[in-house]
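Take a look at this one; I'll ask things after.
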Amino acid sequence: MIAVLKSGTTPAQRDHLVAWLRRMNLDVHISEGAEVTVLGLIGDTSRVDMELLGSLEIVQSVKRVSEPYKQVNRKFHPMDSVIDIGSAKIGGGHFAMIAGPCSVESEDQIIGVAMAVREAGAKILRGGAYKPRTSPYAFQGLGSQGLELLRAARKATGLPICTELMDLRHLDEFHDIDMIQIGARNMQNFDLLKEVGKTDKPILLKRGLSSTIQEWLMSAEYIMSEGNEKIILCERGIRTYETATRNTLDLSCVPILHELSHLPVVVDPSHATGKAKLVAPMAVAAAAAGADGIMIEVHNDPAHALCDGAQSLTPDKFADLASRVEIVREAIR
Amino acid sequence: MIAVLKSGTTPAQRDHLVAWLRRMNLDVHISEGAEVTVLGLIGDTSRVDMELLGSLEIVQSVKRVSEPYKQVNRKFHPMDSVIDIGSAKIGGGHFAMIAGPCSVESEDQIIGVAMAVREAGAKILRGGAYKPRTSPYAFQGLGSQGLELLRAARKATGLPICTELMDLRHLDEFHDIDMIQIGARNMQNFDLLKEVGKTDKPILLKRGLSSTIQEWLMSAEYIMSEGNEKIILCERGIRTYETATRNTLDLSCVPILHELSHLPVVVDPSHATGKAKLVAPMAVAAAAAGADGIMIEVHNDPAHALCDGAQSLTPDKFADLASRVEIVREAIR
Amino acid sequence: MIAVLKSGTTPAQRDHLVAWLRRMNLDVHISEGAEVTVLGLIGDTSRVDMELLGSLEIVQSVKRVSEPYKQVNRKFHPMDSVIDIGSAKIGGGHFAMIAGPCSVESEDQIIGVAMAVREAGAKILRGGAYKPRTSPYAFQGLGSQGLELLRAARKATGLPICTELMDLRHLDEFHDIDMIQIGARNMQNFDLLKEVGKTDKPILLKRGLSSTIQEWLMSAEYIMSEGNEKIILCERGIRTYETATRNTLDLSCVPILHELSHLPVVVDPSHATGKAKLVAPMAVAAAAAGADGIMIEVHNDPAHALCDGAQSLTPDKFADLASRVEIVREAIR
Amino acid sequence: MIAVLKSGTTPAQRDHLVAWLRRMNLDVHISEGAEVTVLGLIGDTSRVDMELLGSLEIVQSVKRVSEPYKQVNRKFHPMDSVIDIGSAKIGGGHFAMIAGPCSVESEDQIIGVAMAVREAGAKILRGGAYKPRTSPYAFQGLGSQGLELLRAARKATGLPICTELMDLRHLDEFHDIDMIQIGARNMQNFDLLKEVGKTDKPILLKRGLSSTIQEWLMSAEYIMSEGNEKIILCERGIRTYETATRNTLDLSCVPILHELSHLPVVVDPSHATGKAKLVAPMAVAAAAAGADGIMIEVHNDPAHALCDGAQSLTPDKFADLASRVEIVREAIR
């Protein structure tokens, strides 16, 4: 970490600051320039409050030279992490399509979708039981009953299941869920991160709506610092001024994350775009960008044929998308 | 709610959709135009999933005509809400300065600051016991002990106390806290919102880092829908591309919220700007914009005189700020 | 266009508004609801100032039902536009790699790069002569001399040339440039758009740094409304809060633009990301998303070997990228 | 400027870079750390391309220690600039209300508004003659005739006049305009900036829709580097994800600009918010934040009484706002 001191700083002020930094067990290397003095801080700077330091009267600016995350950092773990989710693997060359309905609605629905997406090549079944909803008046999901239906679909198809945990009081209920999703709105729910960090479950950590890549990795670090190394990052679009899509899918994060971290990266084009027509081209683009997996909303409910145009795809369209993703993956191999 | 159908929609498709809408207990008023058909939906549309409807193949776009929030809506509650927080009142012409340190560190510190800010006119003491930190390696606050110290400061000064609740398992411990803060990162932690909605405590609901005003009001609606009407909204800056400040303080939200809702609005310029020099002008501007309260970080620790430049103010600077805020409030009365 | 009137609107106010709208040659269809009145405006609404209408005291909100752009709209021109740029074609299934250095520096440099990129499959040579620079003290490009050098490179290789026009007083000088680039910062320089609209040159219109897709199409409409139909849209990243890349590449815009407009879409991953390592994965992803062309910065200056890591690629890396793009294009055909 | 080199950098690579930097007439101070090497660059770094340097293979990051702007920098010009605009002054304690209609429409209109706003205390008349419009089909302003009408209003009231210049070919026509406005969309139209920099006219430089404060100051530096020191900065809202206002008014920029620069800062709440109801509270807040002037849209057209609700205020409402601004300015003096 480097701290640049303002030009008017007195030697006494500088020494006062240096002493304070040394009390934090840091070596301080002082470099006096014509205009400014630069302090190089050496040691474990992950505990230094960068904002506090930067806001001191005599400090012009502060810059990290090393990343604030450790266990998720590729520097300290050069090999790709490979995560086992039941019979599926993600990362290190292993790729998985994750598919299923937005909400679990009935046994027929979830088993029907599960069979269809398995047929089309999906490796993991997703489905919402507890649903984060902006409005308290909207349907909040089937809850426990939804988990039961997911288990039934797993039994019928053999697919491992993935569903979102919102409330840490439900953790026991998730004991046999194959992959626990932490949603975008909970990416900085630190107590929830710590609790899932104490389990041995694979965690799908969605990016917060306005989270930087560094903040996202810090949230993964929260989970890993409690002992759980089975983390999969999931890009689902970020909030920008553009209104043509629900969110802006940031595919650049895929190669960036692969450089910074050893964790696998999955892309969810359904939630990012909010429009069925955009799901297929963005899924193919995600595969081309190097994603380790793609998560797609699929529905299979003839009674709601009206919903064909939603961000959900029919099984047929999903099968077509999955084969195109496979072709692109072959092409860039 | 208005739904515009695409030009190629067949009568059968239209009727199918209308039937589906009517099954949701909505009246549907059909208006056929040359190019498009417009459906007017009348009734309780707060349960309609606007995104789902908008994503249907035959629907071009959907628009809400009435707001999705009810209990926080000024339309249904024209008078300003006035919230009692111990001896203080906020809203409906009642104004309060809320002040205190970022983190509670020791009995001397918190009592010292509490006495100083009471002297300068603060009505409520704030201080962090459980701290949301981006890094798992950063100091996470004194926790229970911090709550104890806040109680001691309340006893010493008579000031009601406000502190952040992050984990709903701690709710019992907060039984005698005068105002519970829900932080920006938890603004859409819906289970936490529901739990504090079941208490009778005043809730200070901070705006999420990239939350729209409507989403913020929907989160307040979550609390109120469980029975707790004592909600104070707190603007603390939103995330933008500008890097000169930590966040961009959105003061326009003050008059907007006063038009849309009956709830009081507090502004926190310390966290929004992250720079002590900006706190005073932004606090005065917030008062001029009509804020019902202002929340300021104040420290009082001679051992850390270095930190003078942080976003925290010294008691002296806070006293000066408080008197300028009062002058502006008098001026615009 | 639909205007929703507020609930308290009197019949006199409504009639006053309707009369005003009818004076603009619009048919007005009135639909009275229980809570609100909805006006449907039929006719040429492209001249209606939507913001003015929406800000009237009695108007709750306004919504366009049809797009404000006409000539660039696919509805009125269902076939893909194919643009000829010298020997190259873009659009309607024709794909082109556009490559070259950020700035034209010398004859050796530009001819060297031109020969290398032609060899690797580029169809068009790009290079900056007049450079938009944030600082008045930075090198502003070789200007006229740079154009001369581009002509020399065209003569040596046969590649058509593309370079940026910033000042409409230079238009004469650009008479034999094969494709004129309008930069991101000039996307809403409306007088410049009108002037290039009066030429018969292909125009590469870059997206503004914080431009919506609709604003971008409106800028293309400015050019086309003056008679020039040879427009190519170029996505180059948008401004967001994320700092890991210079800008956020919005690949979703490719399928969206293909739905809304008949104009071809090119993607520039070099400027969007600002990092050489990200250029190749994002170029391949752009091809997968359906882009009609890709624009890449390539340098070829052994004296500046240090710059290898910049957003520019060496000819070798470009050749590798070009072949991977080709493979993906084959795969998704 | 500080450059941090990556840990794997060889001495040869480092020396190569240092030699390159020294050829740019910079002193380079090398500080070898355990993990990284830090280069301190001393001298005129305003010509160094920070992005190029930062993108070199061996460079981890680059940080400016001094600002890239000089002539607009308060460090080199500690006293506030005071700008004379006809009979009005702005800056250094001089405050001016600038008011007038969005577009000049007729002699009656502009003289009527001019008399009304002078009566209410405005010091400068504004009005659009050449209008930047998103759509080529929208009314583009009266042009030359609009300038004539503004001159007539000046003659009738004595108020200096301010209007927007979009096309540098119109510069001659603006020879007697008292203050030339450069609009938000042209903030980085560098050729236009250079041309107005060669005049001796006061320039009102609006902030670009997604411009950082530093980019804005660099655009002012463009003007000043050509010799014109009469620059007034005008905040008019920035583009964010929030849709409740047209743009987000960033009042924090007022104290920040006052710290970084000697130039006066004016705030335009009319364009920022787009809603008449928000203009008055945001104008008062701007005054409280320390603005040197406020720019307000005022209309005076009984035939368009319908428009009362637009972002424009009636003269009566403007007079009320002006007196409240004055009271707040007195209060914070």
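Going in written order, the chains are labelled A, B, C and D, and every chain counts its residues from 1.
Here is the rule we use: a residue touches a chain if its C-beta (ideal position, glycine included) is under 8 Å from a C-beta of that chain, and two chains touch if they have at least 3 such contacts.
Since this is a predicted model, take the numbers as computed values, not measurements.
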Original post:
By the touch rule set out at the top, what is the minimum number of steps from subunit B to subunit C?
Top reply: 1
**OP:** Name, by label, each chain that touches both members of the pair subunit C and subunit D.
**Re:** A, B
Original post:
From subunit D, which chain is the farthest off, judged by mean CA positions?
Top reply: A
Original post:
Per the centroid of Cα atoms for each chain, what is the distance between subunit A and subunit D, given in Å?
Top reply: 39
**OP:** Mind checking the centre-to-centre distance between subunit B and subunit D? Centres are C-alpha means, answer in whole Å.
**Re:** 31
Original post:
Hey, how far is the Cα centre of subunit A from the one of subunit B, in Å?
Top reply: 26
**OP:** Would you pick out the residues of subunit D that each touch at least 2 other chains?
**Re:** 210, 239-241, 243
Original post:
For the complex, which residues does subunit C have touching subunit D?
Top reply: 16-17, 20, 46-47, 49, 51-52, 55-59, 68, 132-139, 166-169, 185-186, 188-191, 194, 209-210, 215, 218, 221-222, 225-226, 239, 246, 274-276, 306-311
**OP:** Enumerate the contact residues on subunit B facing subunit D in the complex.
**Re:** 210, 212-214, 238, 240-245, 248-256, 259, 272-273, 277-278, 281-282, 284-290, 324, 327-328, 330-332
Original post:
What does subunit C use to touch subunit B in their complex?
Top reply: 2, 4, 29, 31, 33-36, 38, 40, 42, 60-61, 63, 65-66, 210, 239-241, 243
